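Across the two complexes that follow, chain A remains constant while its partner is chain B and subsequently chain C.
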Partner chain A sequence: MQVTVDVKGETTHEVDLPKPTYADVLRAVDLSPHEVSVLVDGRPVPEDQPVESSEVTVLRLIKGG
Partner chain B sequence: MTDLSLSPTQLDRYSRHVIMDEVGPDGQANLLDASVCCVGAGGLGSPVLAYLAAAGVGRVGIVDDDTVERSNLQRQVVHGDADVGRPKVDSAAEFVTGLNPDVTVDRHELRLDADTVTDLVADYDLVVDGSDNFPTRYVVNDACVIDGTPFVHGAIYRFEGQATTYLPGGPCYRCVFPEAPEPGTVPDCATTGVLGVLPGVVGGIMATEAVKHFVPVGDPLDDRMLVYDAADMTTDEVPVAKNPDCPVCGDQPTVRSLDDVSYSGTCAVE
Partner chain C sequence: MTECTRCGREAVMHAAYSGAHLCESHFCETVEKRVRKRVREDGLVPRDATPDDPETWVIGLSGGKDSVVLTHILDETFAEDPRIELVALTIHEGIEGYRDESVGACVELADELSLRHELVTYEDEFGVRMDDVVEDDPENMAACAYCGVFRRDLLERYADEFGADKLLTGHNLDDEAQTAMMNFLEGDVAQMAKHFDASIGGFDGDDARSDQDEFVPRAKPLRDVPEKEVALYCHLRDLPAHITECPHSSEAYRAEIQQLLYGLEENHPGTRHSIMAGYEELAGVLADRYDEDGDGPDLHECEDCGATTTRDRCRKCSLLDSLEAV
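What follows is the complex of A and B.
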């Protein structure tokens, strides 16, 4: 499955994985589920669920102030 | 352009606001009547406090339990070299009153937690969160949602910043980030560094949201998160939708009191 992964504030990646979960997609772009939220249509999706969208948005959890 | 609610000195000080059709004397009077709690007097809190003070926000609360370190001064512009070692609430309060004597400053030298946040939030019209840790971010979110207090969120990381605004009835921080990362998995500014001017831009956006809220004017960031990349000098927006399953603001919230959440670890709602 081909998925466009838009890491906001950084880079957009194209990944091609067989039946990926959202966690698989994150690993493919070298991100940990601990450090980001994966959004589809503006809502977070569980990382262990199979990817159902060809486009996902990834937002870093950042704490600096 | 004259208005009896503004003194001649205030009409002079705020003249560039007063002559704007979108602000005018009424908008300026709204700012003078407003109260804002600024959580954190660090990188983001510094520009927030400076611009809220300059804008004439009538009462400003400053919350911080930290003291000024020399390594802060590369970005935390309300503190000076002579303030190293002093409580940040003191040097920040002096900056605010020095800039604008119209502003009443409340100093809160403490770290917000479930025991202290509720009364504090209820005492202000709006909260601006420029804190530097996840427990504070989640406790501020949950307290504001439960109390119905709007808040502006901002965060920074190396060259990247995020900002969004919560308004009662809209999506909250937990709608985007349901829980915090495990402690130690996300680096802080001390570990990765941060471009010194970055909080100036992001904090300026946060202050803009606060000022717009009170005037009122414009469109808030209440259903979107603004992402700023200083390296590429680009901005992006992420639509943010209310999560019906959100434990704090969803259709059937399970968090009705801060006692329902442990604000340590991932701040998760079990």
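What follows is the complex of A and C.
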């Protein structure tokens, strides 16, 4: 499955994976589900679920200091 | 669609460490419950606090997601409670752009909550700005090493000035698990005992921290909530947090530990929770032991500014001297 991953404020990646979960997509762009949230149509989604959208947005955690 | 484990509505998150999928409202509820449970378990509200003699809690409010979420939840919990008075304290380090915007977020939040809000600046207090400090860098250190010393000094001084019984900060589970791992890997046993007495030990019960008369006691009620969940809560509740990285941020070792923990958490969900459960118990035992031995640090007043220190002059005053000499 072809997925466009828009890491907000950084780069956009294209990944192609067989039946990926959102966590698989994150791994493919070298991110951990513990440092980002994945949004689909503006709504957060559980990362262990199969990807159902060809476009996802990734919000990176920002240190709070 | 993935269903919420509790109600069947659409889930917005998965907590691998518990196996739960939660919808927006159940997720937000669990975050709030965890903070309240920690407030209870740490005994933050003393039995002798009354409407006539309330406790004052100063919250370190930077405008980042962690302190904004902490302030929001504490306000929701205690705004109507006459035993607790909340004061938000913001420190401007003199980082152009970055801090100007986050101070805006703090003002907005405090206004929304009708919360007393105080702002102090490195420039007014010390005559320095972090933007200049990183340029001069007389001690050849990371920016955070200077900034941490200055920030702790002001938090302590102003918490005391505002009559704080406690100083609360927005450290989350990731922050604390990283600190615990760093103390382990550096073999810093004394620091673990100090960490317990300074901020993670409870205030009542058999395993309470020992009194530290020289300092305003600190507490970290957000420390059971993973950083990602703090950010998600902030997003879902649409809180006015400022989400930009500090331009001088440079804690290389902490970043390395953070990556290590992400990997461990991925392969062994719950690692951060178990690190902290074990660490807190161990730190408590160590704190007792140091207490019995009377091995506590020899504290006195800084000869220049009067701050409590283990040296003749406190670290902040020596750093300000080196900056002056540039």
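Side notes on the structure shown:
One rule holds in what follows: the second predicted complex is superposed on the first by the 63 of 65 C-alpha atoms of A that agree within 3 Å, B and C clash if a C-alpha of one lies under 4 Å from a C-alpha of the other, contacts with A are read in each partner's own complex, and residues count from 1 in each chain.
The rule is simple: a residue touches a chain if its C-beta (ideal position, glycine included) is under 8 Å from a C-beta of that chain, and two chains touch if they have at least 3 such contacts.
The shown structure was predicted, so the numbers you read here are calculated from the model rather than taken from an experiment.
Of the two partner chains, chain B is the only one that A:E10 touches; chain C does not reach it.
In the superposition on chain A, contact is made by A:E35 with both chain B and chain C.
Contacts of A:D48 after superposition on the shared chain: chain C is touched, whereas chain B is not. When the shared chain is aligned, chain B and chain C each come close enough to touch A:L61. According to the touch criterion, the shared surface of chain A, contacted by chain B in one complex and chain C in the other, consists of residues 32, 34-35, 37, 43-44, 59, 61-65.
Contact residues on chain A toward chain B in their complex (touch as defined above): 8-10, 32, 34-35, 37, 39, 41-44, 57, 59-65. By the touch rule above, chain A contacts chain C in their complex via residues 32-37, 43-49, 59, 61-65. The touching residues of chain B, when paired with chain A in their complex, are 40, 42-45, 129-134, 137, 154-157, 160-162, 171, 175-178, 180-182, 185-186, 188-189, 194, 199, 225, 227-229, 236, 238-241, 243. Interface of chain C with chain A (complex): residues 2, 10-14, 16, 21, 62, 64-67, 170, 172, 174, 226-228, 230-232, 235-236, 241, 243-246, 249, 258, 261-263, 265-266.
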